[in-house]
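Here the chain labels run A, B, C and D in written order, and each chain numbers its own residues starting at 1.
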Amino acid sequence: MKIKLFYFARLKEALKYSTEDLDLPDEPLTVLKLKAHLAKRGDVWGQMLMGKLKVRAAINHELVDDNAAINNGDEVAFFPPVTGG
Amino acid sequence: MTVRVQTEDFDVGFEINQLRKARKDIGAVVSFMGLVRDLNDGDAVSQLTLEHYPGMTEKSLASIINQAKARWSITDALIVHRVGTLQPSDQIVLVLVSGAHRGEAFAACEFMMDYLKTEAPFWKKEVTQLGERWVEAKLTDDDARGRWVK
Amino acid sequence: MTVRVQTEDFDVGFEINQLRKARKDIGAVVSFMGLVRDLNDGDAVSQLTLEHYPGMTEKSLASIINQAKARWSITDALIVHRVGTLQPSDQIVLVLVSGAHRGEAFAACEFMMDYLKTEAPFWKKEVTQLGERWVEAKLTDDDARGRWVK
Amino acid sequence: MKIKLFYFARLKEALKYSTEDLDLPDEPLTVLKLKAHLAKRGDVWGQMLMGKLKVRAAINHELVDDNAAINNGDEVAFFPPVTGG
């Protein structure tokens, strides 16, 4: 399954990634599973995605929670709580 | 309904006139404008940079207007939000609502701001004497949004 | 604080800029504008005349701003109300509030309109196909004001 | 005791008075007593001030209720509920 990932704000700076394409095994995937998968990349990934910081996620431009299912072709984004306005 | 994300400044008087056009059935226009303050969390702010999630931002703002339209009887609404680098006293965001009656226009405008503050993908980074820092989300904004949950 | 009662029209963009001046401690500006609708109580309105009580009107509007300032942390406020003969889509009233934070600015602006609607000595007479008639006060305006009584 | 009276909107039109100066006996006076006094002037005065219509009063530019005391030199105004904004 292929997905496109985006990172914003503090996450983008810390991870030094803005966007990436991922190819994952064709198994049921949720936001939480994807975070756990990415956290294995190393300290900063673990801190940013599975640590104390609040992380919000969007799938195809819709805010979702940790249990949301991710499907082939989805655009998934991770970012801190929003602070616009 | 109008939604714009832009680096350029906006003119609130012009936007209100555009929203009203020549309509004669509008009795109330409520506007909210958010500005860069030179103080945040006790520190002097000299500059603010706004990042956003292109594509999701516009959808999120349109969805906020549609939720307001579903909930209150309003005639039209507009959201303009700036991105990029801003200085203290610069205009950040404009939310306009027109309608027949003031109560619904006030509620819809405040609802839209409370949702924008907690759901629209914008992030602020500010420059203070201590250096650059990401602005922290406020619990009071979550509380403000919570008021609207039925 | 500014209070004006005038026959001339007003420019909301200009008034907002005047209220803000060069201040850098303002994070929120909320505005309410009331307009003449071409329909009231089911009848087409072709003209509206506003009478007021000179002397008391200005004191009443200043008192409304002072009550808002005592109750919420706001930076400045303005009320402009027109009198005389107006047509549908004409601007009637403008209430502006500036402050550090949006919640207090929204509350103060809506409070000021609810008090203006029930306490400021203005009276509307409208021309419809049925002739001239004085506009009746609305119970919903009393209810709106009642919400603010602690 | 001398007072100045003002009438506005529907009252002004029906009573055909905009303002008048009144000289009254030096006795304790309230808004209600003044209304009753004026109502004796005839039908339209009674209907407008003591009838079914809601009438609001101000003394020296302050909204008051029926029990408010009126003193020498006061400016008293009668008008319908306000409808501006």
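The criterion applied here is as follows: a residue touches a chain if its C-beta (ideal position, glycine included) is under 8 Å from a C-beta of that chain, and two chains touch if they have at least 3 such contacts.
Fair warning: this is a prediction, and the values are worked out from it, not measured in the lab.
Engineer: Please identify each chain that touches chain A as well as chain B.
Structural biologist: none
Engineer: Measure off the straight-line distance from the CA centroid of chain B to the CA centroid of chain C, and report it in whole Å.
Structural biologist: Measuring from centre to centre gives 23 Å for this pair.
Engineer: Nearest whole angstrom, what separates the Cα centre of chain A from the Cα centre of chain D?
Structural biologist: Those two chain centres are 72 Å apart.
Engineer: Hey, how far is the Cα centre of chain A from the one of chain C, in Å?
Structural biologist: Going by mean C-alpha positions, chain A sits 48 Å from chain C.
Engineer: Taking each chain's centre as the mean position of its Cα atoms, how many Å separate chain C from chain D?
Structural biologist: Each chain's C-alpha centroid was found; their separation is 26 Å.
Engineer: What are the residues of chain D that contact at least two other chains?
Structural biologist: Residues: none.
Engineer: Mind pulling the chain C residues that touch 2 or more other chains?
Structural biologist: Touching at least two other chains: 34, 102, 113.
Engineer: Per the touch rule above, enumerate the chain pairs that touch, sorted by label.
Structural biologist: A-B, B-C, C-D
Engineer: Which positions of chain B touch chain C when the two form their complex?
Structural biologist: Listed in rising order, the residues of chain B that touch chain C are 11-14, 16, 20, 22-39, 88-89, 100, 102-103, 105-106, 109-110, 113, 140, 144.
Engineer: Taking the complex as given, what residues does chain C use to touch chain D?
Structural biologist: That would be residues 34, 50-53, 55-56, 59-60, 81, 92-93, 113, 116-125, 134-137 of chain C.
Engineer: Can you list the chain D residues touching chain C in their complex?
Structural biologist: 6, 8-10, 54, 58, 61, 63, 77, 79-85
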